[in-house]
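Next come two complexes built around chain A: one with chain B, the other with chain C.
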Partner chain A sequence: MLEMKAVQKSFKKKMVLKGIDCEIGEGVYGLLGPNGAGKTTLMRCIVGLYSLQGGQILFDGKDVAKNGDLLARIGYLPQKFGLFKELKVYNMMEYFATLKNIPKEEQRPAIEKSLEIVNLSERMGDRVGALSGGMIRRLGIAQAVLGEPEVILFDEPTAGLDPEERMRFKNIIASIKKGRTILISTHIVEDVEAVCDHILVMDNGLIVGAGTDSQVRAAAQGKVYLIPEQEKLPAGSYIEKRLEGEEGVLLRVLSSAPLAGAREAAPTVEDGYMSMIKRI
Partner chain B sequence: MVRLVYLRFRAMGKLYFVVPLGLFVLLPILCWLAYQQPGNSAYLDVADYLEQLGVLLCVWWPCAALKEDMEGDGNELLFMYMGKKGRRPVCDLANIGWYLLHFWLIGSMLLLVDGRYGMFLVRTTGQIVFIWSACYLLIGLLQSTAIPLMLSVGYFLGGHLIEADVRGKLTIFEPAFQVTWQLVQQKTTILLCIGLVFCAVALALMRRPVK
Partner chain C sequence: MLQMTKNSLRLFFRNIALVLAFGAVLAAPHLLMLPRMDSLVSLGAGQIASYHFASLLLQQAGLFFLLFAFIGYEFFSRSKRAFLLETVKTCPNGHLRLLGAQFLAMELLLLAAVVNVSLYFVFGVAFTGNTQGPVVANLLLSLVLYFLLSGTVALLLGCVLALCAGRMAAYGVMVLWSYLASDLPYMVLTSLQEKIGPAAYWLRDLLGVCFAGEGFVDPAYGLPVEWYRFALVFFWVLALGAVVLIFTRPSPPKNRRWVAVGMAALSLFCLTAYLCKQGYRPMDSRIDGRMVDSYYSYADVQPREEPAGFAVSACEMDLRVGDGLKARVVLDLEQTEGLAGLKFTLYHGYRLQAVTDGAGNRLPFEREGDYLYVPQDAGTPLSQLTFSYGGMSGEFYSNAQGIHLPGYFPYFPMEGYHRLDGGLSGEFAPGAREPHLTESRPITLRLQTRLPVFVSLPQQPDGSYAGLSTGATIFGGQYVRGPLGSYDAVMPQMSAYPFYVDGFEEALERLGGQLGVDLSQKFRDKPLFVSPQGFTRGEKSCYIEMEDCYVILGALAPRPITNVIKMLAGSNLEKQHVAYLTHLYLDVGMRDDFIAYFTGKWDGSIPNEFAGDLGPAGYKEMYQTFMDAIEKNGEDAVLKQVGAYLTDDGDTRDRYTFVNSLME
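Up next, the complex of A and B:
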């Protein structure tokens, strides 16, 4: 289990993580937040790329910063992945298998298994540089699951992928999630909704909300309204979408106060997320 | 670890072959041409070529090998599993070791031709260690490979543009006709010592997190 206690990180005078407190157990967790919320920084802190200014990150009760060996039990796919383009896919995986201290005799079966999970077994002999963007991302996932780590962190894994590759990613997560802790950082709400059991909403360096998708949805209960475009909106309300339909142009609005001339709508996870980060 | 070193060299792709081509193709051609020239200066010309190509090419492999670690898309992972854990130094030191092996292979062939080349081989080995370490230090300091490569090559070219008479006083280079065993011993010892210090500082810098 991963436990974060008052995690703080700053770059010069800018405080990026302002005291993160949360516990992550078995299952798939989505770290949802706008760009600049601190998701990548938090991920990098967990894998020890950044040292903390305050607080602790514990893995099974042990401080990750003081126990470097724990990193062998954590798989990580960074936002940008695409290295050693001159190497063949198998050799690149072999490189990581060596770095992850997988014994030589166990490397081939472990690599084959990882590539099979991401459906790249047939590309084992190809150069990394010859793979498409989606395939390289899948190779990154294969690298992350190599050695069967207990915790896997994915940083913006679906950014820039086409719908087919995004669907494939969701299927991969479904196939590897059993018995593992998976943390996926993203700003795409529908990805989180589709694959995650728990959602952590992050904004401005803090966890501003957490729970299952129905709990996140509940955060916007009674705050989502559909209102004709011409109606005047009170201060503090937030326009989420502009919808065109048979009734004319409607605005999907978040508001803590009831809106005159509007009808209430059932909240979605996106509504719950917006209500958390807009503090409505 | 041997596999890791091998894969790092292999990951360079075509860039790897610049050094073998320079040392095993270009240098022998230049040496052969020098011996075809009239006069008795072939021995000194070859010694100059040995210094020039030996030193110029030595910065190629560290820059090619560390490009991914410093500027590549996978630098976070490489730092996480290599830099932070202190595995990178072994690969980097293997880099210069492998280069010196190449250099001494061609050098030993020259020794078979003329035993006097030993003095120049020792001198250039010191120069290689110095330039390689300076480049490695710059890579660690700037967390980039392009600028250190340019600076190292710039120093080499600048050094060779200086008048032959004062070149030895201002830079680590000197024309072959000025080289004596006494000079080689003094200068090589100093260069090796400075190189080792640069290396030690660079190895510490390499454990810094990536940008």
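Up next, the complex of A and C:
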């Protein structure tokens, strides 16, 4: 169980995390938020890359900042992830296995298992430089799951991946999630929807909403409308999308007040997310 | 860790740029040495010293440093560029272990490069047969200091720059460091030193972990491996190591912070020790450093030559040579009544801490350059003075690696003012390498040093040295005592050239015959202290006679044997001029020019050896008269008269009167 209690982080005078309170238990959690919300900063605070200005991050009740050995139970794939291109895949994984203190005799089976999970077993003898971008990202996932960590953090894991690789990622998550806590930070709602049991919505350094996908959807209940483009919109409403169809151009709008000339639409997770961050 | 180190080496050798850089490191010593090997080897084992190969390679130590800094930076920054440092954050001490494995791999490569360089060190020892323990130890220490340890500093520098700086800044720092630590900025530094003093060299002193110096290599001193150079290296290793520890984790845990603080504190201790060193022997062009003579080109102090007006009846010296020289000298004085103050000469390089009287009372003193003045009350003439001082002086060194204190050099207070500038004013005058005192006095010397030493005074049963002399000559370090030709000599163990050259004794006998003086006992009646610091400029004698020894600067060689003539003149300045004139006439290298010029057969520009003497000082007439006398009365007669003039203490004629008398 990961607990964050009033977590605050600032860089010089800019307060990036303004008091994060949440609990993350077993399951897949999506940390959803726009760019600049503080998702990566929160991830880095959890793994101890940054020190906190206030609050605590607890892992099974113990402060991570004071118990550095707890980090050995956490796997981490950062947003910007790279490898030594000159090394072979197996040698690169050996690096990680050694750093994770996996005993020498157990390294080979552990590496093979991790590579199998991400479907890179056949590329073990290839140079890292010969892998595609998606494969390198999968290799990153392989190092994150190496050593059977209890908690795995993925920071923007699908950024830049093609649809096939994104689908592959979702399948990998599904295959490893049992008995683990997985936290995925992203700004792509579809990824969160497909794979996460719980969603944390973050905006401007705070958690502005949390729940299952149906709970997030429910946050936009009664607030989503489809309205012809030419209709006048009241202040405080937010245009999500512009749709072209048989009825002409319609706008999908979020509004706290009913809209004349509009029909209500069933909310999606994206609608719920937008209503939280736009405070509608 | 071994696995990661292996993978780090794999990583290294799969990068073309890094492999090329390492190849350059390996190739550089061979590119320097192989073209020179033929000429060095053909000189023969007896003509070159084992350190010769090493000293050539030391010139490359700066390049070695720079290349390893580049290699270190490029290799360590790969982890940062690959964002690996963030990825391994959750691994226990991930950063440190990742960088540590890479550092270990780099150290292995550094070791291979050092072994590559050492091939020539080994060859030098094997070829010359200089396998004595101190010689081999000196070479080994220089290899460790200038290549292995400085290479480690370079790798750490590369690591720190990789963690903390961008590429442009990193390359700028590396290039600037290597430039400042080398002999390249020496002209700028010398100019700066004229304006701001020794501070001009401080930065280079601190950065120069790989810089042995531009200075001459004294075979008795060996390659410079003083303790303070190691202190400086360890300062950098600990300081940079502390930075790496802190920067491998933005908020390091307490224990790592404490380790970093401990390393930083130790590094400051090493730096303090370095800055407080006493026995500093700068091996470069700084004004008040390498060469005694260069100091006088820049010093504001007017050279003085003034008699003391009092006498020293006894001298007791307690010298401790460790880091530098710590001296306590007690002089018993006579005839000090009526003097307003007492004049002494003590080389300016020593720091004088106190002057006390016989009762232990501190006395005021004034010091300007080499000149020391101790005022005294008219009513209470001083009968004893104790001087406490310390330090070291350029090529007259005294530290844990070597001692070179000839008795004529004012490493102890000499009564009177004596100019040490060697006639730079154009006036024919003695310098730092001439005896200045004429009256022997009983000297007792107690010497503490770890070095094997040779002292010109006889050793007493209690370990002290005592005897009659104007100054004790002390040589310590890589010296050995043994026969040199048919003479008893103290000479450097590791010689660059033979100190005895065939034909010396024959040339000496021939000279004696020409002057009508018996020179058969010259150099046999006292031990020779052969200094590797050879001086063979025309006006300086290679042979300096003291009461208790001869100091030979250079070699016992047939040329310029005529410098022996100056020894016959002693301290009489008038006779020294005549001796010099005769030396010019007789020396095989200058004789033809001298004769041609003064017999009107010269058709070139004035030979340098006596050009200065023919100027406003007015010696031209004297030289011409000498030549005319030879033409009139014959060389044999004139030279016999010169020999008689120089050796007759009762003959007090000045130079002009004597030379004019040759025409009679």
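Everything that follows uses one rule, which is that the second predicted complex is superposed on the first by the 280 of 280 C-alpha atoms of A that agree within 3 Å, B and C clash if a C-alpha of one lies under 4 Å from a C-alpha of the other, contacts with A are read in each partner's own complex, and residues count from 1 in each chain.
Everything below uses one rule, namely that a contact is a pair of C-beta atoms (placed from the backbone, for glycine too) under 8 Å apart; a residue touches a chain by one contact, two chains touch by 3 or more.
Every value quoted in this text rests on a predicted model; they were computed, and no experiment measured them.
Partners chain B and chain C, brought together by superposition on chain A, clash. Ranking chain B and chain C by residues of chain A touched puts C first.
When both complexes are overlaid on chain A, the residue A:Leu87 reaches chain B and chain C alike.
In the superposed model, A:Gly75 makes contact with chain C only, not with chain B. For the contact definition in use here, the residues of chain A common to its chain B contact set and its chain C contact set are 44, 47-51, 68, 71, 76, 78, 80-84, 86-87, 91, 94-96, 98-100, 104, 143. Residues 44, 47-51, 68, 71, 76, 78, 80-87, 91, 94-96, 98-100, 104, 143 of chain A are the ones touching chain B in the complex. Touching chain A in their complex are the following residues of chain B: 3-4, 7, 10-14, 68, 72-82, 84-85, 87, 209-210. Listing the residues of chain C that touch chain A in their complex gives 1, 3-4, 7, 10-11, 14-15, 78, 81-84, 86-92, 94, 97-98, 249-251, 253. Interface of chain A with chain C (complex): residues 44, 47-51, 65, 68-69, 71-72, 74-78, 80-84, 86-87, 91, 94-96, 98-101, 104, 140, 143, 149.
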